[in-house]
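Quick heads-up: structures coming right below.
Two complexes follow with chain A in common, the first pairing it with chain B and the second with chain C.
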Partner chain A sequence: MEIWRLPISASQRGKLISAGYTSLSSLSSISSSDLARELKVSESEAMNILKVASHSRGSETSNASCSIVEGAQSAWDMLHDEESLMHITTSSADLDNILGGGIHCKEVTEIGGVPGIGKTQLGIQVAVNVQIPNDFGGLGGKAIYIDTEGSFMVERAFQIAEACIEDMSEYNRFLRKDFQECKIKMLPQDILENIFYFRICSYTEQIALINYLDKFLSEHKDVKVIVVDSVTFHFRQDFDDMALRTRVLSGMALKLMNLAKRFSLAVVLLNQVTTKHTEASFQLALALVTVLDLCSVTMLSR
Partner chain B sequence: MANKLISEIPLPKSIANVFSARNISTAKDALTLTEFELMELLDVGLTEVRSALSQISEIVAPPYQTALSLMEQRFQNEHLGGHFPTGLKGLDAALCGGIPFGVLTELVGPAGIGKTQFCLKLSLLASLPTNYGGLDGRVIYIDVESKFSSRRLLEIGLRSFPEIFQMKEMAQEMAGRILVLRPTSLAEFTQSLEQIKVSLLQKQVKMLVIDSMAALVSGEPEQGARRQQTLSWHISFIKSLAEFSRIPVVVTNQVRSRNHDDASRYSFQVQSRDGAIGTTMQYDSHLVAALGIQWAHAVTTRLVLEAKSGERFIKVAKSPISPPLAFPFHITSSGISLLSDDGKEVMGPEINAIHCQGHNEIINFGMEGLH
Partner chain C sequence: MARLANLETEYPVLDSTVRNFCASHGIFSVEDFLIHDLYMLAAFAEQNNSSERLKEGIAQVLSIIDDMHQPWLNGMELLEDAKRNKHVFPTGIQGIDLLLGGGIRVGQLTELVGPSSSGKTQVCLRTASNVARNHLVLYLDTGNSFSPQRIAYFLGKTINPSSAQAKNQFLQKVMSNISCHSVFDMFAMFDVLHQLESYLRCQDGRGGCQMRLLIVDSISSLISPVLGSSSTQGRALMTSAGYLLKKLAHQHNLAVLIINHTVGGEGGYSKPALGDSWKCIPHSRLFLSCDRGSNNYNVSILRHPSMASGKAARFVI
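Our next item is the complex of A and B:
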């Protein structure tokens, strides 16, 4: 591994190279005081550099020799893990089947479609269904709804919450088989209270929020789904530098993937479609899809 | 929030100085760079960059609200929980009260179907006091094709609310609340939008009507993809206007013939179960809404007005609240009224189709009825 890949500042790197240290192995046998003298930096800085170097070296050697044992998981264990993962139902049996049980946790799912097809509806449904208690086969978690277009309608969320509670009472009654009124203690208001709503007005706010979610999720550990509606809206306008846009979007996608894995939650991204001019014909395709290919994509059509 | 200055964010002094030395003055500049780019640029370590970014992000990120408090806020502060009743009972019931505040509602249909009539009726209703179902405020009517007729407006007023409009001072007061703008180019329209933003801040304007959006763009010389781009700024601006002022915004759209270039089939769509793709294409209407798919994404509610076998229908083609319903309507001297308050549910892609059958006969018949 080369020096230039170490996560240290540019001037430290420059000093290392001009002093003759071009590879990690050259740093393995030097003490921090000697290094400090050679680079003309403080001893604590030299210690820091050595620590970073040994850390990178350590992970590399373990990858080379012990990859079979460390960090790898057998396919059988993975299957077992996947089966025991809980899913969030979309309330449509067919869609749940296609998704393999529902929206998966620890994964990013992208849902795209033409205007008016029901993407926001599905987003709201998922934000409600994640709250289904464990007794009914749900996750009993809370939801984060990130709205970039202003399409979240509270009245509709209330209707969906009411219907969800009715479904649960129905299920309860069926289970008990005694046809008595089994009142669920949840109210639609309780469901609405567990949806954290963020309204984003620019792509800067979107980036900032996704950075901030790290802290937010550590404080609210019961959040089990993040719905972003829609993820590319702000990136389709006034972005002059296309390369920058691609970098920003892929950075965002990676962070979301990271959040999904670390906090064991599901991330649902809703996307618009646009017309793609290929050769002589026009095709409908997901907006900015090439950047978001870290997720499983579902397309909705009538 | 995006343009928040780094100097105003409480960061450790050393890193704040470095940010300003490298000309990264706003949060936007800092957040669009990746961690490694920032490390290169600022010459600091990863941990410092990460902690600076997380502090900046925390300040720039918008605060959250639970959906419950959002609902309570809306119902407390707004007229009918954020809906403007149109006076068409069936439509209002389907839309949970009426035209929603804070979002764009689009009226699309062929020429002469009644879009401008609907807009006139709505403008009148909005100017009325609240006990008559109005918003008791000013209405800004952007009339691109010079279709606004004040005579027709007063006729509608006289027939629908004779007790108000028979008195000359009251009629003057109500009509005086409707401000008509006639921009002759997209540039003029852009300017007026910015002025409108100011008057919205002063809370005098309660509704915005743009008749029609398509006519603004069709006059411009740019074609194709660049036209989409010019419009995208306006779409974004109007949406944000609607949202922060929480007023209903009604926009009309025209129709055009479907080109063979138009993507009507999506690559991800499967064949229908009986494999009858060929036949469905024949019955597809040859009319589509103008302004393209980006516009279609931006509007929240789309009401399609069409003529089918001699009758006119208003269909709720896109709505987050209402199922896809079609209501028969007709134009009368008191504006527009539904022939039936029970909407017929329309399944499948038919809800988006725009028909124009037997329309010419209707126009002639309608004109006789009006005089």
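Our next item is the complex of A and C:
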């Protein structure tokens, strides 16, 4: 029964099946007002159902083009795309080395560590470094900072922004050796202006925000990094239904990967650690790691 | 299957009297017809006024249904089909190929199960690079784990580079045979499989380089968000995806490789995810694990149509 495959609500599906519409072709020749009358739903709902059905059917038309599926890319093209993707530096040469040049775009990077080790500082640094202009080897993009713990300090971000600008002018002086022309026109205030800050107080807000980011990113195409600090904080306590927690987290991880891929941006997740008992020894492990099975994961330790 | 109302234009026998009679028994479509008890229906039709009309209508619907099933095949035809079409593709990893008696088989759904970092994606990339030399490959990626550099590395190991340009040309030719598409939810996956079905139907008619391998990495991350909630839609989506993949594999001579992860079971052992309903869907299931801190991997057979389960082997990537 092809109606199972349509992304519509359970009650709409039930009504369609009990009225006899079990395949997509049966929905092809009916108008929305007739459908509304048969199913006893509003006309706008009926129009929605028909739109979803025709979209699914539209992808059935024969594909004469060379790609097997719409939107697929050949491995050869992907190889060359990856070579031209830029990285976001973390301002630490060793860390950049481990990450293969910096934080990669189109990928989700998870960074974890014990409390007090510097994860939030790293998050703020990345949100500032993404704004380094193209001339200086950066991406020149904006940042989204999602704060779940309340650990973002604006004064600290201001200090980091000032230091970054000083670094850039130092580099400038070193390379170009003229003071007048290439004075950095950026001010710390500009850098702070380009960080979009969201404060989250519960897990429902977190899920709602990630769903909203789709629309936000279509309007702000120059955002190049999303920092979530920290991603599992609201999921660790007060969750009664463990199965629901797993489902919600894996759905959220998929949505973040989707955003990273579609908008070519980097997603940085900061996570806490927990101790895991394996083979009679204790080990530090990232919280809820079995759920978030992501790309590159880095553990910070002293 | 169509509603009876829509069939009236083609088969005028199914006019409003027949349809009203059927509607009074809760039959609106051809499918409802199949579920109903036909003897009871015929008995009711006898007692009705226009019984001739109704019996003609019922006979018409039955003949429509007769056209819809797959053709019968006998053993010899199946054997012919197996010998001619259902080849075996080597994965390129010696341990696995020896264990499976050649490699993964066309027409079957092979599942790789294992905890994270047990080498499942690496095995898929290696198989893709091997099969792509002569056939087209489609890689459906749900976790951004497809790595073109790794494919280039595997291919680079297998040829002797006479010149950098020849190596580049070889890489280009083989890697253009691999298409990668990212899917992040179950409905998008069904869209893709739908498009693939129509592509394969056109492909069967013409010659040239044909698609022979479909990899889904990983099906469990698509199904887990919808499985287990109070509605049964999750399980329905899972089983219909499984059947669709098996149908594509058999009808269009594809080898399908899917990846599943593990969850904790009783006694601390890890067991494959997606539960008992999924257990019987793949034709073969292989369990992968990795020795800590080294490049040695273990593979054991959980289920296979022609080999005993429990056989194990080691391999290195």
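A few points about this structure:
As a working rule, the second predicted complex is superposed on the first by the 215 of 302 C-alpha atoms of A that agree within 3 Å, B and C clash if a C-alpha of one lies under 4 Å from a C-alpha of the other, contacts with A are read in each partner's own complex, and residues count from 1 in each chain.
Keep in mind that, in the parts below, a residue touches a chain if its C-beta (ideal position, glycine included) is under 8 Å from a C-beta of that chain, and two chains touch if they have at least 3 such contacts.
Keep in mind that this is a model prediction, so the values were computed, not measured.
Once the two complexes are laid over each other on the shared chain, residue contacts for A:Arg247 go to chain B and to chain C alike.
Looking at the shared chain after the overlay, A:Ala157 reaches chain B, while chain C stays out of its contact range.
Of the two partner chains, chain C is the only one touched by A:Gly20; chain B is not. Once the two complexes are overlaid on the shared chain, A:Thr204 sits against chain B while remaining clear of chain C.
In the superposition on chain A, contact is made by A:Glu82 with chain C only, not with chain B. In the superposition on chain A, contact of A:Pro7 is made with both chain B and chain C. In the overlay built on the shared chain, the residue A:Tyr212 is in contact with chain B alone; chain C does not reach it.
By the touch criterion defined above, A:Met47 lies against neither chain B nor chain C after alignment on the C-alpha atoms of chain A. In the superposed model, A:Thr274 makes contact with chain B only, not with chain C. Of the residues of chain A, those at positions 7, 10, 244, 247-248, 251 touch chain B in one of the two structures and chain C in the other. Residue ranges of chain A in contact with chain B, taken from their complex: 7-11, 48, 114-116, 120-121, 144-145, 149-159, 189, 192-205, 207-209, 211-212, 214-216, 233, 236-238, 244, 247-248, 251, 272-275, 277, 281-285, 299, 301-302.
Residues 1-4, 6, 28-29, 31-32, 116, 132, 136, 138-139, 142-146, 148-149, 151-152, 171-172, 175-182, 184-185, 187, 190-192, 194-196, 198-199, 202, 211, 221-222, 224-229, 231, 233, 236-237, 240, 261 of chain C are the ones touching chain A in the complex. Looking at the complex, you find that chain B touches chain A at residues 1-2, 27-28, 31-32, 34, 39-40, 43-46, 53-54, 56-68, 70-71, 74, 81, 96, 100, 102-103, 225, 232-233, 236, 239-240, 242-243, 261-263, 266-269, 292-294, 296-300, 302, 317-318, 320-321, 348-349, 352. The part of chain A that touches chain C in the complex is made up of residues 1, 4-7, 10, 13, 19-23, 25-26, 29, 56, 59-64, 67-76, 78-79, 82, 106-108, 243-244, 246-248, 250-251, 253-255, 257-258, 260-261, 290, 293-295.
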